[in-house]
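Next, two complexes with chain A in common: one pairs it with chain B, the other with chain C.
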Partner chain A sequence: MAWLRRSEVVIAGILLLAMILIGLVNPAFWQADNLFSLMRSNVIIGIMALGVLMIMISGGIDVSFPAFAVAAMYLTVKFMLWSGYEGIAFAFAMAAMIGLLLGAINAFFVYKFRMIPLIVTLGTGSMVRGFLLGVVGTSMININKMPDGLIDFAKIDIVSMTKADGTTYGLTAMVLVYLGLALIVHMVLRYTMVGRGVYAYGGDPEAASRAGFDIRLILFFIYCFAGALAGFAGLLHAGMIWLANPRDFVGLELDVIAAVVLGGASIFGGRGSVLGTMLGVFMLVMVKNSLIIMKIDTTWQRVVVGVIIIIATAVTAWRDQKRKA
Partner chain B sequence: MTRQFDFRSFLNRDNNIAQLIVMTILIFVVMSLLSPDKFLRYYNFESITYIFPELGLLSIAMMIAMLTGGIDLSVVGIANLSGILAGILFQKIAGEGGVAAAGLPAVLLGGAVALLTGLTAGALNGFLITKVKITPILATLGTGQVFTGLAIVMTGGPAIVGFPVLWSWVGNGKILGLATPFVLFVLIAAAVAFVLTRTPLGVNLMLIGTNPKAALFAGLKRERMIFYSYMMTGVLASIAGIMLSGRTNAAKSDYGTSYLLQAVLISVLGGTNPAGGKGTVLGVSLAVVALMLLSSGFQVLRFSNHLIDFIWGVFLLLVIALNAYKNRAR
Partner chain C sequence: MTDPFIELRNIRKEFAGVVALDDMSLTVREAEIHCLAGENGSGKSTIIKVMSGVYQPDRGEILIRGQQVPRLNPIASIDHGIQVIYQDFSLFGNLTVAENLAMNVQLREKHRLMNWRRTREIAREAVDRLGVELDLDAEVGHLPTAGKQLVAIARALMSDARLIIMDEPTTALTRREVETLFRIVRDIQSRGIAVLFVSHKMREMLEISETITVMRNGSLVADGPTSEFDEALITRHMTGSDIISEPYVWTPPSGAPQSPRLEVRGLGLKGAYEDVDLTIRPGEIVGLTGLMGSGRTELALSLFGMAPADHGDVKVDGKPVALRTTQEAIAAGIAYVPEDRLSEGLFLTQSIDRNILSTSYEALSPGLTIDKTRAAEMAAETIDTMQIATPTGDKLVKELSGGNQQRVVLGRWLLTDARVLILNGPTVGVDVGSKAEIHRKIRDLAREQGLAVLMISDDVPELVQNCNRLVLMHRGRLVEEFESAGTSEEAIGDKLKAFR
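The block that comes next holds the complex of A and B.
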């Protein structure tokens, strides 16, 4: 029965329990439109969480990705408007590239100066956000100016249904994008040398280096990949909400980190999985969204997120200790 | 400890302090040259003495957490929650004359509530870190959310405006021609410096930060010491909250959110080693003055606040690079 003790199974169990509880308080939870909108809310946080997961497995932490996401999103949308470019493939590539380059700054500082990732990313985050708002601009680009191609892409649904009152709702195809990226990250972490190196480095940097892993490659790979994922998610977000707001994503790092920790990743590194992270993201998004359904005042949201972080970290700390003993 | 060791550590520390003094003077000179008529006004420096103490206390609080290799990401949350709880108390007990007229007993009670909030919050952090064994980053990240969240729940979002006149004096008033917050900052900083260098608690914290394993074998009460250090951090944060609410005559759940990064930056700049074991109150105090001069200079030059954020970030990275370079040379 070893599989019962795997953290993914435990998280899935808690998740199921929470769903049943919320469903009991308000059966509206189980309606298809609520579930669809829940899945939709998973996409952006989920894609960002994949990047944070890789960094956490390496024993680091990243608080700069929301700034990278918003910078990539805003610059790309501005560029699309300026050039009149309507396609989306190049736009997403550009956003990911901006994120990747910014991630390289993180990697450079973490690798070259052996500085604590938290402090490096605090610095780069503030720098990028300050630059974006101070130099590029603070004005929002709203629906009537947003590139149509982007919005049309984000509007694609997998299934769409019609409610009794005639309004339609559907499951956004962006969920597939999220699942695709999750699969890629999973494959990379599981089956490539770099991916195994991330775990090795997180477990013990010195040992990984002596075993012959290329530390520089590993660090640049994860920070650049995380940056690219953030940039991609940023642009996707703008397409999904039909708005490019340079002040967006403030404080999102806490939610994403909470979700990754909730998914069983250890901040000391060396532990964490894509499946666990996806479950963690789902849990966090569900709890946050369900406060309204459960008729709890929304002002409690941050308290709830904070308590979730504390409980999740306490449980992982307890687990880590028990394994050590 | 032999005398020679003492002497060397003194020199080392002085080296760092000397650099900070040079940097402060450099910033001062450059800013004076860039806008002599606006930067070099008495008013400008006076306003700095009102603003920097809050940030200075938060940075010292951050430094204390870093001494043992930790970090406290909840300081701003604690500061705001303290101010808000005191503010709510004043509104509840306000008599006929309204909040502003509240007497000394009421203000002292409010102060006690604020400090107690800081103490409790710090104790919670300490408990989570030492007993539950959560990493400081995550523990304080979580509690910071909870404190800020509670502040939102209690205020519903908008600011609590209106504090007693006596309370505002803490943030706005003058003692002997000097800004009250400035005087308070000097006193508190001196007290913290005394605790860190001249009491068992401080010395233990330094030892624990330098080499946790050795400290453990030496029989230091590691957990208890770290617990106390987070309580100290919490109390300092709540004093910063008192000053902030006094100066602005208001308390809000999202005041001073950019202070968090700045507090980290200042303590690192002030010679604190985030990995633990190294940090002085004097260094942090000099760093906060230097950075306040820098940001006030940029404000005088009409830079936008966002650009100042940008510059803070660049500065932090530069300091990291510089410190790494220095350590390699040694």
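The block that comes next holds the complex of A and C.
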């Protein structure tokens, strides 16, 4: 019964238990519109979590991605308004590219100067935010100015239903985008040598370079990929909420890191999976969502996220310690 | 005699003023088992790193199969068929056995994609070639040291190796595992592959090798067929002098009987050991040995509060003590030097001084501040008595040779004013010269300060030499006790064999 001990199975079990408990307290939890809206809330955090996951497996940590996401989103939307571009393919490519280039800065410092990723990303994140607000602008771009193409894309539903009172609701197709990206990251981590190198580097950097892994490639790959995912998610977020706010995503890094840790990734590096991360994201979003439904103050939500980080990290650290012994 | 595979001539290597190798020469022939001996810090690991291309020599030449090689880097060295199994094995604890085994092949073939089926095939082949049982899906981090070593050897064999170099492969193994390793080494040799290995255990060297090279202070002092060497001769070459050691004698003091330093009654820990009765008087050194899994390490851990016993009592100087945490054990006057010092006992990136003092800071700070002069004195004194080879106490511990790192941990515990000292494999990885030095220090502590010493070791000669009493443990019970005087090493060796 080796599969029973796999982290993903344990997390899925806990998730199911939590869902049943929440369902008992609040029967409306199981209604389709609530589940659909839950899944919708997974998309942005989930895509960002995929990037953070790769960096955490490598033994690093990233707190710069919310800043990168906001920069990519705001610059791209500004560009679309300025140029009158109405499509979406180029817009997403541009947002991802901005994120990728910013990610390369992280990789450069981590690789070249062997700096601690936390310090590097704290620095780049703060710089990028500062630049954005200082140089590009501080004004929000709201619904009446937002590019229509973007909003229309983000509005697509897979299924839509009508309630008894006539209002309609649906499951956003952005969930498919999220699943698609998750599949790509999973394939990269599991079936490419670069992906295996990320695990090897996270397990033992010294041994990884002795074995002949290209450490520069690995580091640039994960930081650039994570940056690109953040940029992409940033723009998608603007499309989904019909608003481009250059002060968005403040404090999001904590939620995302909490989700990834909750999903079984080790803060010491070397362990973590896409499936686990997706479960972790779902759990975090669900808990936060339930707190809102229960009308618990946002300040208390921060407390809950903090507690989740501490507990999840303690549990994974304890697990890793046991494995080492 | 076979042809030379690799010849190193007049190699010199300096590290920022420290001469690690000076005019060192070494020849390893095809398909021979070759042993490299030398004191701690004599340059064994450094010459190995020259062969593996990790260090470039400052001077000297390298010939492989008679051909001069201009520069050896790690990749070129592997291409020439040289494989090194490092002391830390360079394995990935977070990955499976299969992936660890196949990774190098996959990387060498420059694949971009990971083929899991092929990974398993490669791994299967590697394991079969070695003729051992290994669970391919197990995570390497879960394996015991011997298992990790097998993975490292199997991996080395994957790459058409001509020479396999092992740096102190037997240090962390039990006797039985050493036997398995030697069987494998002979098997490797029968396939025409040479094996060079470093060991500090004379008997092992004499048992397995055909050729011995002895180095001292970075230079070659002697080499030749093993048949021309014996223990005394190797020792003399290594240290430049003879080492005479006398057995440890302890006579119970006359007059009123003192209460024992350590008294253990009916101690038990479920699944590990039971009914352990043990008494050690001040000044006694008691040896404890037994096979792997006999419960000896668990017993030691219990006495140090790391794996608290579930029944029985322990008294120190006649006073009952609770040993539920290490803090309680230290407060009760018990000190423990662990088996796996290199990973458990040291702060590698800190200075020697800090490592030495790390258990004494409390004693050094009567008020809020640390008594700096006293601290410096204590550290310097320890470096001196433990003969740690370093110009200054500011050097980082990771820059020391393996054996010198060992002395740092030992020295640290000798500083605390413990009354009961538990040593688990006190001289593993330490050369003969310093072994004698460490033994002398332990004896002094016992004799002059009245410590009770429990010495756990696999090294029977070491125990017979240094303990006045020996206890054998088997399947969690203390089964026999001997006075060292009048007991031969062979008799104990035979007893241990009978346990299997």
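By definition in this document, the second predicted complex is superposed on the first by the 319 of 325 C-alpha atoms of A that agree within 3 Å, B and C clash if a C-alpha of one lies under 4 Å from a C-alpha of the other, contacts with A are read in each partner's own complex, and residues count from 1 in each chain.
Here, a contact is a pair of C-beta atoms (placed from the backbone, for glycine too) under 8 Å apart; a residue touches a chain by one contact, two chains touch by 3 or more.
Remember, predicted model here, so these are calculated numbers, not experimental data.
K.L.:
Answer with clash or fit: chain B and chain C placed together on chain A by superposition.
P.N.:
clash
K.L.:
Once chain A of both complexes is superposed, is A:G270 in touch with chain B (first), chain C (second), both, or neither?
P.N.:
It touches chain C, and chain B stays clear.
K.L.:
Once the shared chain is lined up, is A:I309 touching chain B (first), chain C (second), both, or neither of them?
P.N.:
first
K.L.:
Thinking of the overlay built on chain A, is A:R210 touched by chain B (first), by chain C (second), by both, or by neither?
P.N.:
Second partner only, chain C.
K.L.:
Who touches more of chain A, chain B or chain C?
P.N.:
B
K.L.:
Report for A:Y199: first if it touches chain B alone, second if chain C alone, otherwise both or neither.
P.N.:
A:Y199 contacts chain C only, not chain B.
K.L.:
Figure out whether A:S139 sits in contact with chain B (first) or chain C (second), or with both, or with neither.
P.N.:
neither
K.L.:
Of the residues on chain A, which ones does chain B touch that chain C also touches?
P.N.:
Comparing the two interfaces on chain A, one with chain B and one with chain C, no residues are shared.
K.L.:
Touching chain A in the complex: which residues of chain C?
P.N.:
It comes out as residues 74-75, 88, 90-95, 99, 103-104, 106-108, 111-114, 116, 137, 139, 141-142.
K.L.:
State the interface residues of chain A toward chain B in the complex, per the touch definition above.
P.N.:
61, 109, 112-116, 118-120, 122-135, 138, 254, 257-258, 261, 267-268, 297, 299-310, 313-314, 317-318, 321
K.L.:
Report the residues of chain A in contact with chain C in the complex, numbered from low to high.
P.N.:
The contact residues of chain A facing chain C are 2, 190-196, 199-200, 202-204, 206-208, 210-213, 270-271, 323-324.
K.L.:
Sort out for me which residues of chain B touch chain A in the complex.
P.N.:
Interface residues on chain B, with respect to chain A: 71, 128, 132-135, 137-139, 141-150, 152-153, 156-157, 258, 261, 264-265, 268, 274-275, 303-314, 316-317, 320-321, 323-324.
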